[in-house]
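Note that subunit A is present in both complexes that follow, paired respectively with subunit B and with subunit C.
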Partner chain A sequence: MKEKLNRIVENRWFNRLLTPAILVLVALFFTVATGGRFATPRNLQLMIDQALIVATVATGAVFIFATGNVNISMGAATALIATIAAKAYVATESIPLMFVIAIVAGAIVLAITALLSTALHVRVLYITVVMMTLLSSLQKGILGSSTVSLPYAVYSGMKNAGLPYIIFIAFFILCLVMFHFTSFGRKLRYIGINDTCAELTGFKKSRYLFWGFVVAGVGVGLGAILTIIRAGSISTDTASSLNMDCMLAIVLGGMSAFGGSRSYTWSAILGAVLVTVLNTGLQMMGVSSTIIQAIRGIIFIVLLVMSQKRPNGLPSRDG
Partner chain B sequence: MAANKEVLLEVHDMVKNFGVTVALNHVDFVVKRGEIRGLIGENGSGKSTVSSIISGMQKPTSGTMTYKGQPWAPASTLEAQGKGICMIVQEAGTIQGIPVADNIFLGHEKMFMRGPVVNHGKMVKEAQSLLDKLGIDIDASERTERLSMQQCKLVEIAKGMYWDPEIFIVDETTTALSQSGRTLLYRLMHELRDNGKAVLFISHDLEELIEQCDAVTVLRDGKIIGSLDKEEFDPDVMKKMMVGREIKGGYYRSDYDGYSDEVVLKADCITTRHDLMCFDLELHKGEILGIGGLSECGMHTVGKALFGAEKILDGQVTVGPGKTVVKDPETAIRNSIGYTSKDRDRESVGLSGSIHENIASTGYIVNRLFGPIISFRKEKKYVAKEIRDLSLKCASPYHTVNTLSGGNKQKVVFGKWIGADSQILILDCPTRGIDIGVKAAMYQLIYKFKKEGRSILLISEELQELIGMSDRILIMKDGKVVYETKRADNPTENDLIEHMI
Partner chain C sequence: MKNMKRILVSLLLVVCLLVVCLTASAEAPQYKKMKIAWGTNTTSEAFVKMQNFFKDVLGPALNVEFMYSEALTDAGSMISFIESAYINGCDGVVMDLANFIDQGAPVAQDFGMFFVGISSADAVENLELPNYISVVGASAAGYGESYAKAIQSVVGDGEEHAIMILSGAAPYGATSFIEGTVGSLRALQDVYGLTYENDLYAMATSSTQVEAANDKNVKITVVPGMGDLTATVSPLLQTGEYDVIVGTTDIYSSLSVAVDEVEKATGKNISFISRNVFSDTVSTAMNGVDSTGNPVVDAIVCNGTFEHISSVVLLRNCFDGFEAQMRGEGRPSRVPGMNPLVITSAEEYNALSSDDMPYSFAAIEDIIALTSLVNPDVTWEDINTYGQSLTTENILIKYAK
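Moving on to the complex of A and B:
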């Protein structure tokens, strides 16, 4: 019996189908618990808008997490890029330029993170701790005490044209292909499995880390655009919980928190939807936002423990 | 004289297995008061294993020990230390970043507790007086990372001596010591013996053993081969006892086929940060070139340097007829070089990855469908072929490598490089920790590679393996090739050991 259970758990498909199953159950639960309010078209639309942002940034972040590294500055980076892009639009009134600036700036900010880590031989996590503070104070510096807003016609026009969907789907398909159908994703995963061995198999860690971060940077840039389209204005509160949402999404989506073998781009979508459903559902049930934060923290820790198979010892990628 | 010595420690019928590897095979031996007993044997013969069990570092699989007439089963090195058995280990046994005094009293900080705080001043003072008493010129308040390797070893010796040991185990320590350090250690060892204590001395240096020991016990493949008293000491007899095992027929290759004159891999006066100084080497097409020596002779660095995984400060490694310079593993692999590290689990294979992921990692280019897109079908075939050809035992290619045995893990590594069709294979201890059956398969495989015209650099700590497989053998010592011999000359182990030690 136990052996049978083990075999099911170890099956590749078990992991892939677990999250969708949980998602359906959680959504059903909230629908019942809120007396149907959860499933109203308006609420679903709101959740989709929010989930798209998380999914976009998280999809890019998969390219970092796969290598066994953690970036905690993605939220701060998104807020900064959104501020810069919005300011750029206000100054030039050119939508294409806003796009270009957001994508390029996003790629540059994350590329710098990767370069700092490899040049200084400091682990990515520590660099991103610094980057998180740095980027967010930079954003506050640029923004001051004001907010920057786009004209209603502009952002609602983009929204009504379905631009968020187009942006996300295009980016996701690109990432899906790169990650699962080319050597790039396999190399990133192999670095996550054992970076020394990857290096001795000819995969230069510094180079692939750099390009992984660039992809994540493009995700951050597009996430910033989606943030602008959704809200129309940027303040210092923008994207404040985005980073935690992304990290939670990646592990909730069935990916290992330590990267390596169990790294999938689709974790980002599944996880993003699940995180948004949880956030919104709990809110609608009247749970206070501080308690929601605590619940998210607990879920994250539990998933972290679950993603390391080793029975004892500190978290490790060798599990 | 030997008869009236009191028995201090008795090891009885001890067995230690590491997985399928038998490190100790029913070992019995006795340590008596007032003697310095040498333990000798090849790498992996079980010397360090038996001494680490005595000193409480690990537990035996079965067997018993008696110490001072009482059953002896230490739970930790601290317990052993307290009861008078101290061991100086082969590897670094000091922790960097803390003062010398803290290293000496590591785990015994309680002795200096005053209420909840450690009286560090008192600890330093006590450590200093110990160092002074032993005649070791080190400041006890100095931070350990500022010390040289020799000084670190001396700190360890002091740490052991503080406990006034009844049995002092010195495991391969002298290689880290210069003449002055050795003289000091010898003096301490003799003092202990003269005071009726016992010393267990492990060394590869026969001369040293003959000079310092009162008796030696010889181990081979986890078994006691015999013991010699001082009067019976003879380097030739000792060497023969250490290595003289019989070769089973068909285990190694038996032919005398030659190899081509074409040089495929060449090291031209390469200097690395450690170990190598203007080192030259030529590997020919179809050649099995063996490199042997003691573990720290620099041969492992040679393998890494030839693969571009070790920073080369001067000189260069070139590969192929085009003389491409190998600067990093990437260039090496592009030029059809494969490398298996001695430290397999850390450097050659991704343990948490699946067999599929590991083997496929060298085939991303050949398994493409079009452009950069990888064909899943081709990849699956690529992996399946290696699993079949190497008769790798696994339930599914999607199982993780850490579920496999050592031999099958090594097959995964081999599969990576054979799949990549590497023409030059640098194999660093390819049969380390592998049981006999898989070993024989590995040797057949290596011979098959040779017949296919591939070139193999076989770096090994096992002389039998080198003699049995190589077309040419280089023996290294202190980063230099000190001896070269050809298969046609039928070298013996004694010839090689002569130059190693």
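Moving on to the complex of A and C:
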């Protein structure tokens, strides 16, 4: 019986379908509990809007998490890049330039993180702790206690044109293809299963880690742009909870905390939407914000404990 | 016969109850139920006090239900909260996140909710949005006036003093700190009849320590910073030069020990002016005596809470269809209301912090009288005037036992 259960849990399709099934069940529960108010088209759109920044940054972060590494500087990096990009817009009033600067700066910042880790032979986690402090200080140095704001017409114009959806969908498709349908993604997952074995097989870990970080950096850059479009203002508190939200989304989305074969790009979007659905649904049922925070924390711990078991399977060609 | 008596008594009771209900409904109007979303940047003890007042007194009186945010930190979390407010059926939003109110207003406008921001600075953007009703909260100038009063109560004794002003977050552009520092410098100018060599605002916003050089050679030093004040200020105090220390933030918590040590070492009294709220710690300090036999704290500038009441009343009136009277002409109204209170003695402090005092010193009958259903002619200016009447002197007279 236990063996049978284990086989079901280890089944690739069980893992892939578990989170979507939970998401549908939770949404159905809230729809019934709120007498249908939860599932109005406007509410559903708002929930997707709220999840978009986390989903974008977390989709990129999957390329790091798949290797069994954790980057806790994503929030600080997003805040810094958003500051630089917003300042660039204020100075030049050029939206294309703001986009280019955000994407390039995001890729560079995370590439530096990867290089520091591989060149100095220090674990990624420790480097990202240092980077988090460093990037945050840099942002404070640039901003002080002031804020940098874009004119309402500019950021609301981009929002109304549906740019956030276009950015996310384009980035998601790119990541989906790279991660699940190329040898690059397969090798990242292989490193997550056993990095020593991967090195011995001929995959140069530092090289794949570097490119994984670059992709995550592009995600950070796009996340910074989405932050600007959504809020119109950047301060030193911008994206302060983004890091936690991304980690929560990835784990909640069904990805193993160890990465490896149970790593999926769609974990990020599923997890981000599930967090938003939980927040909104509980709020609509009259649960206070303090208790919602506690519930979020408990769910995260439970899922983290559940995903402690390193997945057995090897990365396959079908993703 | 016995049954008849019972029926008669029951009938009498029913009639009495009806009369009471009818009388009550004649006094308080039937407010339609509304829901307000309250975005906050803190969940401090003062915030919990406000929530309790809303839950027990103001909400039932005005038929308002509240939904609160967690502590919001940035524009992104504020926007998510406003979206949640819409999903949860709120009719209006109050946003206590000063730097971002202008970004919050269009989001509320998109969802058709009324919006009130809390800030010491006026709105500058999105003024044309019809649902951007008002910006409430003590003005920066109000902070200046309150500090001027507090300083005069200490240095207006005709003696010569050496004064240290802690400008807090003024170098970072925080308006209440800037005006608190400038107000203090102006008050010293008036008391001593002196002229400064440098611009007041330049001194107040300086990120390094500056001597406020003047023609009367009164020693005035402006020290910026919000961090570890003990480390930066203690060495200056230990010189024994200063006998008045003025804080634009809560300096009592961070500097009381350092000041006490210097007083003991030099035997010289250092007068203390701090920015605080009513609390057990401040109560002990206001009622206590230091090693030189003088009050531990000589004066406090205490943030008012009228903005909490005024924002609810403004939204209540808008919801009842009187938004034209609650908004200014073609822009959000500015309702600074109550200036921060200046408390200069233990007696004043004890009277104002008494349990009998209503929240924000505003009686519930007065608040109801400011609603448009009771008084259809009421405007935002009336609400502002009522708030401005809440000075230490007026409150003490009004609630004198």
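General remarks:
Throughout what follows, the second predicted complex is superposed on the first by the 268 of 319 C-alpha atoms of A that agree within 3 Å, B and C clash if a C-alpha of one lies under 4 Å from a C-alpha of the other, contacts with A are read in each partner's own complex, and residues count from 1 in each chain.
As a convention for this text, a contact is a pair of C-beta atoms (placed from the backbone, for glycine too) under 8 Å apart; a residue touches a chain by one contact, two chains touch by 3 or more.
Treat the numbers as computed from the prediction; the structure is a model and nothing was measured.
Using the contact criterion defined above for the overlaid structures, shared-chain residue A:Gly202 touches subunit B, although it does not reach subunit C. Touch criterion not met for A:Tyr165: it reaches neither subunit B nor subunit C. Residue contacts after overlaying the shared chain place A:Asn194 against subunit B, while subunit C stays out of touching range. In the superposition on chain A, A:Thr290 makes contact with subunit C only, while subunit B stays out of contact range. In the overlay built on the shared chain, the residue A:Phe181 is in contact with subunit B alone; subunit C does not reach it. Of the two partner chains placed by superposition, A:Tyr126 touches none, neither subunit B nor subunit C. With both structures placed on the common chain, the touch criterion links A:Phe14 to neither subunit B nor subunit C.
Comparing subunit B with subunit C, the partner in contact with more residues of subunit A is C.
Subunit A has no residue lying at the interface with subunit B in one structure and with subunit C in the other.
On subunit A, the positions that touch subunit B within their shared complex are 12, 177, 181-184, 186-187, 189-190, 193-194, 196-204, 260-261, 317-319.
Subunit C contributes residues 43, 67-70, 73-80, 83-84, 86-89, 99-100, 103, 106, 125-126, 169, 172-174 to its touches with subunit A in the complex. Against subunit A, the residues of subunit B that register as touching in their complex are 307, 309, 328-330, 332-334, 339, 341, 346-354, 357, 360-362, 364-365, 372-374, 398, 400, 402, 416. Subunit A contributes residues 37, 43, 46, 49-50, 53, 144-147, 149, 152, 156, 227, 230-235, 237-241, 279-280, 283-284, 288-290, 292-293 to its touches with subunit C in the complex.
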